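Look at the two complexes coming up: chain A is in both, with chain B in one and chain C in the other.
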Partner chain A sequence: MKIGIPQALIYWKRPFFWETFFQELGFDVLLSPKTNKEIIEVGTKISDPETCFSNKVYFGHLKWLEGKVDLVFVPRLKTNQEKLEYCPKFFGLPDLAKILLKTKILTQEFDEKKKSFQQSIIELGEKLKRKEKETRKALEKALFQEGILKEKAKEHFFEKIHSERKKIVLISHPYNLYDEFTNLRVKERLEKLNIEPIFIDEVPSSPLQGQAFAIQFHWEFGKEMMEKIEEVLKYPLSGAIQISSFACGCDAVLKEFVEKSFKEKNIPFLYLIIDEHTGEAGFQTRLEAFVDTL
Partner chain B sequence: MEREPIVTFANWGNYTIAFKVLFESLGIRVVLPEKTNPQAILEGAKISPEMFCFPFKVNLGNYLSAIRNGANTIFMVTATGGSCRLRYYAVTQDKILKESGEKVNFIILDQGVRDIFLKVKKFSQKSIWQILRAAKLCLEMLFFIEKIEKKAAFLRPREIKKGKTDLVFSEAIKKLEKVKKEKDFKKVQKEILEEFSKIEIQKISNLPKVGIVGEIYTVCDPGVNFEIEKKLGREGIEVHKEITLSYHLSKKFLFVDWRIQRKIKKYLGSTVGGHGRDAIYEMLKYVKKGFDGVIQLLPAFCMPETTVRPILEKIHQETGIPFLSLSFDEEVAEAGIDTRLEAFVDVVKNYHESKKS
Partner chain C sequence: MNQKSLKTYLGIDIGSLTIKFVLIDEKAEVLYWKYERTGGRPVEAIKNGLKKVKDWIESHNPQIEICGVGTTGSGRYLIGSIVGADVIKNEITAHAKGVTHFVPEAKTVIEIGGQDSKIIILENGVVVDFALNYLCSAGTGAFLDAQAFRLGIPIEKFGEMALKSKNPTQIASRCSVFAESDMIHKQQIGHKIEDIIAGLCQGLARNYLAGVGKGKKILPPIVFLGGVSENVGMRWAFREALGQEIIVPKYNTVMGAFGVALLVKEMAPQNTKFRGFEISDKEIECDSFQCSGCPNKCEVIQAKIEGKIVARWGDRCGKWSNLRYD
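So, the complex of A and B:
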């Protein structure tokens, strides 16, 4: 049996975790390819016009998998370990996927307010007719793989932060940072301008004293981002760029507070919005202009 | 020197006067914002973050107009416990107002009886008894407003002299606005109901019916949705809406969410924040009751409503019931909405006729 995983949106929350997990359980896994123009076009066509760009990309990936696999995996992510919520648009993904695709959808709810992650994973294993023992073993392997990655990212960060070049921190959701097609290869562009881009994801988070912020987010990414920004501000930075998908509801709120924390420290801040119409030339001009001001 | 607090709050359709009475019966001075209008909306949108949802911008426009008229204290309810952006309305509005140089006292109320009670008590320095009485009056007025809104929706398509209902309705709101005490309220209530009973109507039972679903603020504020209920009513269509403030308040007590979730399981397996689930539930109900159309109203980019829209469209495809989705923001013009509405009215009437034969 073949399980398809769309390589977009929620995939980037835990890259390599899901494919390792399913492979360990003895399934074939098919990842959708890296985002390309066609996928975005299909996604824009089939999704609601007012949903966010990242969602449209996700639906494009889903459509690509249609017919190529037996099951498409679309988890319903609700709350994480800290009992903080994911974006409310994730809550409805499996249901929307069912409407869009003819291929069967494999789904599992992850709501740690009700059930622990392990329990949910075991339930998922049961749906695939695997015994608890097997599932536990696969989970361990997947977590191990993920751990290695995280370690690497940390080393990466310290390497970068001590670099001689000007450093710019890139703030966005993982699905915008790691999907090179949607963010128009911003990393590469900055490197060409002799800048050291640091992804906010790579910053080791330091669980802070809760009251340090003006605002308490109930979104896991909101809290994480604010914490990591607080941490990264301890190092010398030349500037910060926040990238948002067009129509991202959460970023409309986040941006206000992210911008504030940089402006308080007098660090130049650039806000970029990406969508299916973003032109490369305009993007490049804005980046260059920003780098010149540093 | 301490300023005398002059309270204001966001405008929300006809409910605004019910909130006003809550404060005035406690002896607090209130300055109402101007009724939501394109000018206020533009003003609010100017200082709001671009991608924030539409009600946020309207709220800010409301505050600004009230501040110009002397208000210095703003009360705003926040949806602690909800999943959507409403949760951050108050904090962000507070921040934006301060940044644009307004010196206001921003009081944030959680959506919980206890928190609202404590904060109002501290602010007004009145006894528990007085606050309870004010709250009772506020709620009674709220229910009464909903009652006459419902009445008007029923009368509008049936009235013989066109425009009579709207006239009576706006008179009623004006009268209610002047109420300050419980005693007056009883008298005014009686007068208003009498006026309504004087409206002459044709006795038609089988009118085309349209149900309105969607985001609660947009559905309930005629200033935002360009008086959609009136327009449909004048075209001879009976308009129903379930999503009202009293419905929202009742949700806190009666396990409504749990019951709704069971009914819509086939379409959606979880909450999506806001009133996303309710929209699906209501649409299914309207289909079952044999309605001739469903309209979804939402602020542009509203997270819960855009998530459920494909599902509503699927129900529309499955059952054939006419469906129209209208999203509103500061750039939407009334003429555009009117055109779409007119076309939809034709579809509804045709659908109604085709069902008869």
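So, the complex of A and C:
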């Protein structure tokens, strides 16, 4: 049996985790390819115009998997370990996927207000007719793989933060940072301008220090982002760039906090919005001009 | 090289609607400048423009030697590869460079061109913040152009008309489309043309400050540039809205070209990459093809001089644009 995973949006919250987990359970896994023009075109066509760009991209990936696998995995992410909510757009993904695809959808709710992550994972295993013992073993393997990745990210961060080049921290959701097509290869563009781009999600931080925050966070990514920003501000930075998907409601709120934290420290800040129409020329002009101001 | 030759630097700013040329000498004095419409044909515009520069040189001072060329504006890469530019610089940096030459203490730059508008915040002559219009071009030159045409008033007279108004009409100007329908409505219920035009200028200034200028500290001295800065109605509207003097320096419409000319002059290239004025007479062609290397199917554009490819761009992966063509 083959399980398909769309390589977009929620995938980037835990890359390698899900594919390792399903493979350990003895399934074949097919990841949709990296985002390309066709995927975006398909996603945009089937989406409601008010949907944010990142969700449109996700729908394109879902469609790509249709008919190529036996099951498409679309988890319902509701709250995390700290009982903070995920983006509300994630809640309805399995329902939308069921409408959009003829291929069967495999889903599982993750709501830690109700159930621990482990319990939910075991339920997922049961749906695939796997015993608890097998599921636990697969989970362990998947967490191990994820741990290696996080270690690497940390090393990567320390390597870059000590670079001789000017450092710009890129703030966005992982699905924008790691999707080169949607972010118009911002990393490569900055490197060509002799800049060391640092991804915010590579910044090591421990969730505990978040208790010191004055703001009560509603969204998990908001808290995580602000914690990492607090951490990264301990290092010398030349600038910060925040990238939002067009029509992202959560970022509209979050942006103000992000911008404030850099402006308070007199660190130049640039805000960029990406969507299916983003012109490369305007994007490049903004980056070049921003780098010139540093 | 001739002993008596005069070293000069050429700056070219190619925007969405217009092309600007500025020729400066080693003392940064402007010898020649030109502001022209491209008619949507940038390659033709560059050929004609260069011919005019050449004619001017021949009739005024044949000793002039071009020691460097810089391009800026949204078409900077295209034009840069055709003419052989030594410097290709974004329009924010180019404008800031130009402005600080004339108004060294400038703190705010308002620039409104054909299809875009920008704000630049300077501190001690250094750009510290900027913004460009996003997703909306209300209030830019193209819109004013269209409205002037619709009202049958030459664009050059538009500003003067606005100044005649004693009672500007309120025009909904959050969006060009709504502004136009509101203008038509106000005309139909009997408002004077000059009041409507004045109201439009006020609305556009408001729209600019609320959109592009959002969250920026607009401190004096304030410099106003770009094609729209020629419009005295818009100057008045900004002065009213900001309660500050608005400085419109010399060469206000060609400041980007001047700035990039200054940048080349400072760089002082040993051997300029400039292909020479002969390119005006050569056959320059741009065409495109769809790359079939991957599902992205990029539209790759190529510029050819006399059939020889000089540059390619438009590909996402760099497979075509990173090739060397010289």
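One rule holds in what follows: the second predicted complex is superposed on the first by the 285 of 294 C-alpha atoms of A that agree within 3 Å, B and C clash if a C-alpha of one lies under 4 Å from a C-alpha of the other, contacts with A are read in each partner's own complex, and residues count from 1 in each chain.
Convention: contacts are C-beta pairs under 8 Å (C-beta built on N, C-alpha and C of every residue); 3 or more make two chains touch, one makes a residue touch a chain.
Bear in mind the structure is a predicted one, so any value in this text is a computation, not a measurement.
Three-chain overlay on chain A, with chain B and chain C fitting side by side and no clash. In the superposed pair of complexes, A:P88 makes contact with chain B only, with no contact to chain C. Judged by the touch definition given at the top, the superposed model places A:N80 against neither chain B nor chain C.
Contact with chain C, but none with chain B, is seen for A:A281 once the two complexes are overlaid on the shared chain.
By the touch criterion defined above, A:N36 lies against chain C but remains apart from chain B after alignment on the C-alpha atoms of chain A.
Of the two partner chains placed by superposition, A:Q242 touches none, neither chain B nor chain C.
More residues of chain A are in touch with B than with the other of chain B and chain C.
Using the contact criterion defined above for the overlaid structures, shared-chain residue A:V253 touches chain B, although it does not reach chain C.
In the superposition on chain A, A:E109 contacts chain B only, with no contact to chain C. The superposition-derived angle at chain A (between chain B and chain C) is 80°, Cα centres, a multiple of 10. Shared-chain residue A:T135: touches no atom of chain B or chain C. When both complexes are overlaid on chain A, the residue A:S172 reaches neither chain B nor chain C.
Between chain B and chain C, the shortest distance over C-alpha atoms in the superposed arrangement works out to 5 Å.
Within chain A, the residues touched by chain B in the first complex and by chain C in the second are 273.
Note for the complex: chain C touches chain A at residues 74, 89-93, 126-130, 132, 134-135, 294-298, 316.
On the side of chain A, the complex with chain C involves touching residues 33, 36-39, 181, 185, 268, 273, 281-282, 284-286, 288-290, 292-293.
Residues of chain A that touch chain B in their complex: 47-48, 50-51, 76, 78, 85, 87-89, 91-92, 94-96, 99-100, 107, 109, 214-215, 218, 244, 246-253, 255-256, 260, 273.
Residues of chain B that touch chain A in their complex: 49-53, 83-85, 87-88, 91-92, 95-96, 267-274, 276, 300-301, 303-304, 306-311, 314, 327.
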